[in-house]
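First chain A sits with chain B, and in the next complex the same chain sits with chain C.
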Partner chain A sequence: MAPMLLAGIALAYLGFGARVIPPATVIEALFAFDPTRFDHKVVVELRMVRLLVGLLAGASLGVCGALLQAITRNPLGEPHVLGLNAGAVLAVVSSITFGPALASGFPAVSGPVLIAARPVVAACGAAAMFALVLATASAGRQGLTPLKVTLCGIALSSFAAALTSAQLILDDQTLATIRLWLAGDLSGQSYAALRGAVPVCLLGFGLACAIAGRLNAMALGDGVASGLGVDLVRTRWAGLAAAGLLCGAAVSLAGPIGFVGLVVPHVVRACITRDLRLLLPLSAVLGACLLLAADLAARSLLAPRELATGALTALVGVPVFLALAARSR
Partner chain B sequence: MVFAVKARPADRHRLDVPQDPALEPSPLQAPPIAPRAPPGLSVDGLRAGYGRRVVVDDVSFAVGAGRMTALIGPNGSGKSTLLAAMARLLKPFGGSVRLDGRSVHEMPTKALARALGILPQSPLVPEGLTAYDLVSRGRYPHQGFLQQWSDADEAAVEAAMRLTDTLDFAQQPVDSLSGGQRQRCWIAMAMAQETRVILLDEPTTFLDLRYQVEVLDLLRHVTRAHDRAVVVVLHDLNLALAYADTVVCLKEGRIRAVVEDGVGLDPALIHDVFGVEVMALRHPQTGRPVFVPVTGPSEGAA
Partner chain C sequence: MRAPSYRAGYRRTTLGPLAFRVRLRPLVICLALAGAMLAGALWALMHGSLHIPTGAAIAALTGGEANREVLHIIMEVRLPRVLMAMLIGAMLGLAGAAMQTLTRNGLADPGLIGVKEGASIGVLLVLFGAPGLSLGWRPVAGLAGGLSAALLVCALARDLSGLRFVLVGIGLSWLLSAVLLIFLTTADINDVETALLWLAGSLHNAAWPMLPVAALWGALGALTLAATARQADAALLGDAAASGLGVRLKGLNGLRLASSALMTAAAVSCVGSLGFVGLMAPHMARLMVGGGQGALLTGSALCGGFLVLAADTFGRLAFAPLQIPAGIVMAVFGVPVFLLLLWHRRDRL
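Then we have the complex of A and B:
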């Protein structure tokens, strides 16, 4: 059912816009592309990239959220709340600011290489930030509690955002080129950027699925999980790497988009399953659905003007976040 | 059972014939360990604690199959620490914990998890997780990356749930069950793991007397009928005496006494371990001792 929902949303996504194209024409454009027809060109050359970006980013965010909620045993776990997004943005902005200067000594490293490396840079930033959040939250006598993880995530997010702003204030040009991306937006991406992000995303997803069984055991507590033969430390490191890769792939494409990773796993858990081996792939599908739907709304609500997609997911996500925060023990 | 094979004299003789080592089946080929460690779980000179603080020291005892062993002692005497070190949740500072002669701290984690199970004191119940799903997670050590769920898993889960009488609420969320039902689900999870040794940290705490008895009856049944070695940390001295074959009394991190079938446990020993004056009665049914506190100075003096 979930894949059908996704297919329906994708079809609507390709059809709607400044120029509405009927579903039949969209399907025709996909399966019998005719370069002389304007509608076909719009679907395949303009909207298709954006659709793929949305699919990949949404799926990555959904899985990343499910993963973070499992690792931190925190219902509020999410790349935006736990600082991964801010870490990824900081890494990308720093690479834009300092990258060319650093790369000037190496002629092989030119502009296109920097863009292709962006998902990896973002992934490193996200993973490093998450590691920092976990380290600070684990300090103290009680160890890692859901509340401390959330607080440290929010605090360190602000810190990273401050460092990002400082760089952007000093460098107007960078700000101008990435302002929309900073707010979380699916537009303005190319197939080149997608090609860079796909392997990062797949690696993260594969790693996440490989540890799903272990995370199921860890949900019962560290003692039970060790008793079942789970290597806690290795699983946490793998989870951290997977979350970083997924978040990096998403942020490099769509900017820091919040709350998709928060809402999606909760919906899957409430409606379908708590078993992470199933929950992770379902979160991918549903995450893609949600992000595409949000982007569709962002494009059409105030047409012909566009809202930032990240603003729209926050509009849906914040009430869910508050409801969960009020309910959590 | 590897050990049954090894112990047979006929097999031993056959080993003496020189053979190409590569052709020999590995269990028979293993060089004789001298002196042979007893089958079951044995703790030898164990020293463990947290950070740099030593909590248990110089602890040695053995647990055999088909026997239930209770660890008792006052708060802070190191019962839970000892159990955690035995289940390799805690790396010991010194000494060893051996399962059939192999150090549990050197065995591969998943292989050990197929032989030794641990139920910690307050495990977490994810919101909305059903009893069946909880028990199923006990099968983790038997599953590989490719073999996710087999008929053997299904059979083990069902058997464990039947044994613990939890099938009636298999599809209900564990967090909606009563304390006793919930504890039975956890024990079912440990049973589904199909380990020869099961360690439980205070499985009766926070339960009404009725559920305490229910849980201990279940554990005794598991011990006897399924020939498991069960080690359980208990708070209640009299319940420990009533149910356990062996009672290990801990005081300040060291073993003060090991009592078999209640023999040799007297008020003086209880006073030494727990620091309270007690009087001994005899359980009319089992003949084992029961200890009641001496109440108040005026009545007690009489």
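Then we have the complex of A and C:
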């Protein structure tokens, strides 16, 4: 049923906009593209990129959230809360400010290469930040508690955000190019950026699915999991890498969008299943649905003006965060 | 045999018709802090794009002989900024100290739990909803926003002393910043530029007219806190003991929460968002001064003033001619302190 929901939302997504195109025409444009018809060109050449960006970013964020919640055993796990988004943004902004100067020694590394490498840079930033959060939060006798992970994530992400804005103040050229991206926005992406992000995203998703069974065992507790033959350390490292890759792919395309990864796994767990092997793909589908729906609302609520997509997902996600936080202990 | 209060370090001092009991050690440390802050202020007045020697700076301040250019730079450009930094820092430090005592929670900071964002929304509403109003109304609007945010957090978290309070506060601050973001992405572009300039939390455009407004609200909050300091000391003994000693807990907590939100909101409406001061200053004060509420409040005000002055001067001079807002400098130095505090509590969270 979830794929049908996604297909419906995608159809609506392609249809709505400054010019409303009926679903029949949209389907026609997809399967029998006629370059002479204006509606077909709008659907395929303008709205399709944005749809694909939304699909990829939403799916990555959903899976990333499910993964983080499993690794930290924390219902509040989410790329925005745990600082992954801020780490990815810091890495990307640093690569834009310092990249050209560093690359000048190597003629092979030029502008397009830097742009193509952006998902990887973002993934490294996100993974490094998550490792730092995990390292600081696992101090103490009880190890990772939800509260400590959340507080460390928030503290470190405000640190990264401060470093990011310091760089942007010192270099307003960079600010001008990425201002919209910083607010979390799906528009203005190209197929080139998409091609760079797809392999990163697929790698992350594959890694996540590969360790899903072991993460299921870890949900029973560290002792039981190692009794069942799970290598705890290696599984955690793999999970960290997968979360970093997924978050990096999403952030490099759509900017720091929060709370999709928080809401979706909770919905899946409450309504369908707690088995991670099924939960991860379902989170991908529903994450894409949620992000596309939020973006559709952002585009159409105050048309022709656009709201920031990140703000709308926060309006949906923060009440869920508050409900979870108010219930904890 | 001396009185117990003497053995606890209290000395009786009289000043005309007034008599106080003062402890010597905190008094000396507070005086030293104040001296350090004044020295720092003088240093900040002397440095900038034009270096002014000590003698000339003091002459300009005391109305002695100084040339017009130096006089203008000192009196119109640097002095209001330095004074504003110290004032805002003191207000944020006091607010943080009150909030930490009130919630008995060392991680509580009015800036962390949504008061800042609430105040920002209030100010922006006034700024663009009623552009004709004078500067003095801004803190009132900020206060309304900040106080409603604080009340909302209290209502949602129910229990003030738990760490859930901090978590709920953080969630609420995200929600409010999403509302701010929606405003920033939909409003008229000219409005957005005004708003962004103000939101960045820079003391860059501190000027004389804003100072008395900030000072008025700061003084109101500080007096309320000082007047309730003794009762707050008693309240720290626990709810039952405090009620037994005759403290009206509900009224006390409400009053102190309100004055803490008041000072934070006033500070935010004057210079924009400036985090981590309310978190760090009370801990510095506790380390250095120690003792009861009176000493803690004085120490926090002095430490807060010194912190913001230092952050602003650093941001102003480190990358000159570019200026880094004090809020950013504060976050870079504040986060390690926050993590250190978490480390201390690592077994209890």
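By our rule, the second predicted complex is superposed on the first by the 328 of 329 C-alpha atoms of A that agree within 3 Å, B and C clash if a C-alpha of one lies under 4 Å from a C-alpha of the other, contacts with A are read in each partner's own complex, and residues count from 1 in each chain.
What we mean here is this: a residue touches a chain if its C-beta (ideal position, glycine included) is under 8 Å from a C-beta of that chain, and two chains touch if they have at least 3 such contacts.
For clarity, every value in this text was computed on a predicted model and none was experimentally measured.
Visitor: With the two complexes superposed on chain A, say which partner A:117 touches: chain B (first), chain C (second), both, or neither.
Guide: Neither partner.
Visitor: Output check: A:272 vs chain B and chain C. Expected answer is one of first, second, both, neither. What do you get?
Guide: A:272 contacts neither chain B nor chain C.
Visitor: Pick one for A:321: touches chain B only (first), chain C only (second), both, or neither.
Guide: Once the two structures are laid over each other on A, A:321 reaches chain C alone.
Visitor: For A:158, is the partner it touches chain B (first), chain C (second), both, or none of the two (neither)?
Guide: Touch partner of A:158: chain C, not chain B.
Visitor: With both complexes overlaid on chain A, does A:216 touch chain B (first), chain C (second), both or neither?
Guide: After superposition on chain A, A:216 lies in contact with chain B alone.
Visitor: Going by the contact rule set out at the top, does A:231 touch chain B (first), chain C (second), both, or neither?
Guide: After superposition on chain A, A:231 lies in contact with chain B alone.
Visitor: Check whether chain B or chain C contacts more residues of chain A in the superposed model.
Guide: The partner with more contacted residues on chain A is C.
Visitor: Please work out whether A:307 is in contact with chain B alone, chain C alone, both, or neither, and reply first, second, both or neither.
Guide: second
Visitor: So which bits of chain A does chain B touch that chain C touches too?
Guide: none
Visitor: What residues of chain A sit close enough to touch chain C in their complex?
Guide: Contacts found on chain A: 136, 139-142, 145, 147-148, 150-152, 154-156, 158-159, 161-163, 165-166, 169-170, 183, 258, 302, 305-308, 310-312, 314-315, 318-319, 321-322, 325-326, 328-329.
Visitor: Taking the complex as given, what residues does chain B use to touch chain A?
Guide: Listed in rising order, the residues of chain B that touch chain A are 84, 87-89, 109-114, 116-126, 128-129, 133-134, 137-138, 140-141, 143, 145, 148, 189, 193.
Visitor: Spell out the residues on chain A that touch chain B in their complex, using ranges where they run on.
Guide: Of all residues in chain A, those touching chain B are 73, 210, 213-214, 216-217, 219-221, 223-224, 226-231, 269-270, 274-275, 277.
Visitor: Tell me, which parts of chain C touch chain A in their complex?
Guide: Within the complex, chain C contacts chain A at residues 107, 156-158, 162-164, 166-168, 170-172, 174-175, 177-179, 181-182, 185-186, 275, 319, 322-325, 327-328, 331-332, 335, 338-339, 342-343, 346-347, 349.
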